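After this come two complexes, each holding chain A, first together with chain B and then together with chain C.
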Partner chain A sequence: MFEARLLRSSILKKVLEAIKDLLTQATFDCDDNGIQLQAMDNSHVSLVSLTLRADGFDKYRCDRNISMGMNLGSMSKILKCAGDKDTVTMKAQDNADTVTFVFESPNQEKVSDYEMKLMNLDLEHLGIPETEYSCTIRMPSAEFARICRDLSQFGESMVISCTKEGVKFSASGDIGSANVKLAQTASIDKEEEAVVIEMDEPVTLTFACQYLNYFTKATSLSPQVQLSMSADVPLVVEYRIPDIGHIRYYLAPKIEEDDS
Partner chain B sequence: MGILGLSKLIADIAPQAVKEMEIKNYFGRKVAIDASMSLYQFLIAVRSEGAQLTSVDGETTSHLMGTFYRTIRLVENGIKPVYVFDGKPPDMKSHQLNKRAERREEAEKELQKATESGDTASIEKFNRRLVKVTKQHGEEARQLLKLMGVPVVEAPCEAEAQCAQLVKAGKVYAVATEDMDALTFGADVLLRHLTFSEARKMPVQEFHLNHVLSGLELNHKEFIDLCILLGCDYCGSIRGIGPKRAIELIKQHRSIEQVLHNIDTKKYQPPENWDFENARRLFVEPEVADAKDIELKWCDPDEEGLVKFLCGDKQFNEERVRNGAKKLMKARTGTTQGRLDGFFKVLSTTPNPKRKAEEEKKNANKKAKTGGGRGRKPK
Partner chain C sequence: MSTLSMRAPGIQTTVLDTRSLHVRGVTTIEGVRRNLFGCTDREENRRFVERELARQLDLDSQRWGFDFATETPLPGAQRFAWQLVPAASIPAALRRSPIKITPKPAVPKQEPKVSSPENSKTQKRITDFLKPRKRLASSGKKSPAHKHKHECGGAHIRPPKVARLAQAFKRAS
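Right, the complex of A and B next:
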């Protein structure tokens, strides 16, 4: 028996919004510690890693580890049926081929349940090596979303370069070029609005705007976003979901042609 | 012609070995394309009002049209194509080629009949059957590809075998062909429908040899024997043994020799002088050029050259050709998107945990039933 209850359905709704454009289907691995999801998009350019800890749920019970393959489009449709303030409960029997979502309105007057078929998914689990990153940048998530949106109008790819002075995002294309520089915040009054850069070595990498724009769908989950970069390894974009877990996106950089 | 019924067999028995992908997922991949197969495809498919496209003198240009635009489509999607042309057919294929010639003659007769009776549907049908890729078609396609900056490889013998060799050597990611024998030749990844027209909206089918083998529970040697039993280009097969029987027999006996030893050869007669051993040898050690000596180089397209070659007599629209050349040029600049596969290691693949669970359940049910039966008796 698996049962997980959240007081606010909005968290789950936002999580789904944050992954459904990248992934069409994914496996939710549930065990004692909570729910984990790890999946690459079809072209193996990006990876989503989601953790929802058991202690973040209002109620959490998982007798046997189960993996539930879900069609994220269908799941998103179901979650759209829930009000933001509704309580949501996910339920599944051991070895079941369906999962049930129960939504309860705050005054308990309306209870709805939706059952969804699970899928038989064949998924690869990737080992993500612990990496020391040369640069980590923390900044307001809305600011990052804005930069990605603005720069994607100029070109398909965006260069992120992190130096002592700050971090620079740039793009260029047919209409011209765009540069956005952010300096480290001098005095931190509000932590949520701060730009904090930790750097051992300067790094410059190029990424596809399209994917960054998919990642920023997670903006509403967290006021801050953390970017971690090292030369020639994937970028990590992390959103911490308050009190329950995090969502991490990995994105392979664009590389210069060598032989062609 | 490939292997008879292999793709259906794989889809039935090892569905997990076939993946449907979108063409855009192959960005940055180098792909070897079986040229004669795709030229044939173009001659059949690229038509206007049922007739092939022609130049002023009535020479066919369908193959050039196809090669030009479909290659551009691949390149625009970030794919780096290599075209591999057939050399001499192996001696063992002569039988198959004779058969094909016979069929052409038949079609020609039918065509005449149809023309006399004015049956337009049949005229078109038999016209298509008469399509043949000639030396000249090949020559023109080579010339065009060179102008487009796309590398061409000349296979000493069968193109599929050469493609497979390029995959095995890691020079390219996959073979793009409709014929399944590339798998028999040992190509790790085979793509079907890659050169189909965009309008057909066909997803690209990706076959992985290792998944095919594990799905069929065979090793590569046994797989080759299976393909020969199914029917290949190099020798006949046993009458009365279809795909289902073939896979059963190979699984049971593990080689053609053992199969012959164990089946009733009167009921299932193998062809006279059945030379399956040589056919097998052709699959295991085909005549190919060493991939190490093949250098694949993509160059800038020659816009003026393309215009000169395609426009004028061949009646291509100059503006569209120039546009095409620009697209080729644009795809060459800029950076390529990397993939995560190189950075992270696959820890485990969970092959359908639920299916396994279902099987376990079935077994459990069986046990429960038999147990229950025994329990009841003493009452």
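Right, the complex of A and C next:
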């Protein structure tokens, strides 16, 4: 028996919004520690890794490890049926081929349940090595979303360049070029609005704007976003979901190809 | 013997007058066929085909910037830059057989043209950096947790796949 209950369905709704455009289907791996999801997008350029810890749920029970393959489009449709203030409970039997979502209104006057068929997905899992990154940038998530949106008008790719002066986002294309520079915040009054850069070595990498724009669908989950970069490895874009976990996006860079 | 009778299976007997055959230019009768559309000029047909093939070859040459007759790129600025590649690097299905490799020093080594600087970078895949590993449970639907002792028969002791993942994530965070 698996059962996980969240007082606010809005968290789960936002999580689905954050992944459903990038992934069509994914496996939710549930165990004693909580729920994990790892999946690549169809083109295998990016990877989503979601963690929802058991202690972040109001009630969490997982008798046996269970992996539930879900169509994220269908799951998103179901979660749209829940009100933001509704309580949501996910339930599945040990050998079930369905999962049930129960939504309860705050005053318990309305209870709805939705049963969804599970899928048997045979997806590849990637081992994510422990990596020390040359640069980590923490910044307001809304600011990052804005930059990605603005620069994607100029070109398909965005160059992120991190030096000790600050971080520079640039793009160029047919209409011209765009540069956005952010300096480290001098005084941190509000932690949520701060730009904090930790740098061992300067890094410059190029990424596809399209994927970054998919990642920023998670903006509503967290006021801050953390970007981690090292030369020639995937970028990590991390949103911490308060009190329950995080969602991390890994994006392979665009690299100059030697034709020799 | 003033008439010739031809009989073919299934066909009505036709009677032809030798005189009328003479009129039509038939002198010796070896075989007779109906000639509905007049005589063909084989020479003219051959010229027509050759003309069409040459025209097509010329069109292709202009289109690809490559002289297919001599197997050399056309001089001047072209849409495509041609490069000589060794036959070994081409899938067998695409090779002409038997393969005759004749070195063509006339072909200039040119780098492929690039339309915009963005295209010079290649989008890498996430799998170029992170190694895939197979999910441990084949069914993907249930996996016995060894933490629950009451569940544990000997056959059930398998490493729980999710727990290992969780450890990896804890280390990474």
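Just so we're on the same page, the second predicted complex is superposed on the first by the 259 of 260 C-alpha atoms of A that agree within 3 Å, B and C clash if a C-alpha of one lies under 4 Å from a C-alpha of the other, contacts with A are read in each partner's own complex, and residues count from 1 in each chain.
Please note the rule applied: a residue touches a chain if its C-beta (ideal position, glycine included) is under 8 Å from a C-beta of that chain, and two chains touch if they have at least 3 such contacts.
Model, not experiment: these values are computed from the prediction.
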item	value
Clash-or-fit label for the pair chain B, chain C on chain A	clash
Chain B versus chain C as contact partner of A:120, first or second or both or neither	both
Partner chain(s) touched by A:30 [first = chain B, second = chain C, both, neither]	second
Contacts of A:95 with chain B and chain C, given as first, second, both or neither	both
Contacts of A:176 with chain B and chain C, given as first, second, both or neither	neither
Residue contacts with chain A in the superposition, chain B compared against chain C	C
Partner chain in contact with A:42 - chain B first, chain C second, else both or neither	first
Which superposed partner A:256 touches (first chain B, second chain C, both, neither)	both
On chain A, the residue positions that both chain B and chain C contact, one per complex	27, 40, 43-47, 67, 69, 95, 97, 118, 120-129, 156-157, 206, 208, 233-234, 250, 252-257
Chain A to chain C touching residues, read off their complex	27, 29-34, 36, 38, 40, 43-47, 49, 51, 62-67, 69, 94-97, 118, 120-131, 155-157, 173, 206, 208, 233-234, 246, 250-257, 259
For the chain C and chain A complex, residues of the former touching the latter	111-112, 118, 120-135, 137, 139-145, 147-148, 151, 160-163, 165-166, 168-169, 171-173
In the complex, chain B residues that touch chain A	16, 21-22, 24-25, 27, 80, 297-298, 332, 334-355, 357, 361
Residues of chain A that touch chain B when the two form their complex	27, 40, 42-47, 67, 69, 95, 97, 118, 120-129, 156-157, 206, 208, 233-234, 250, 252-257, 260
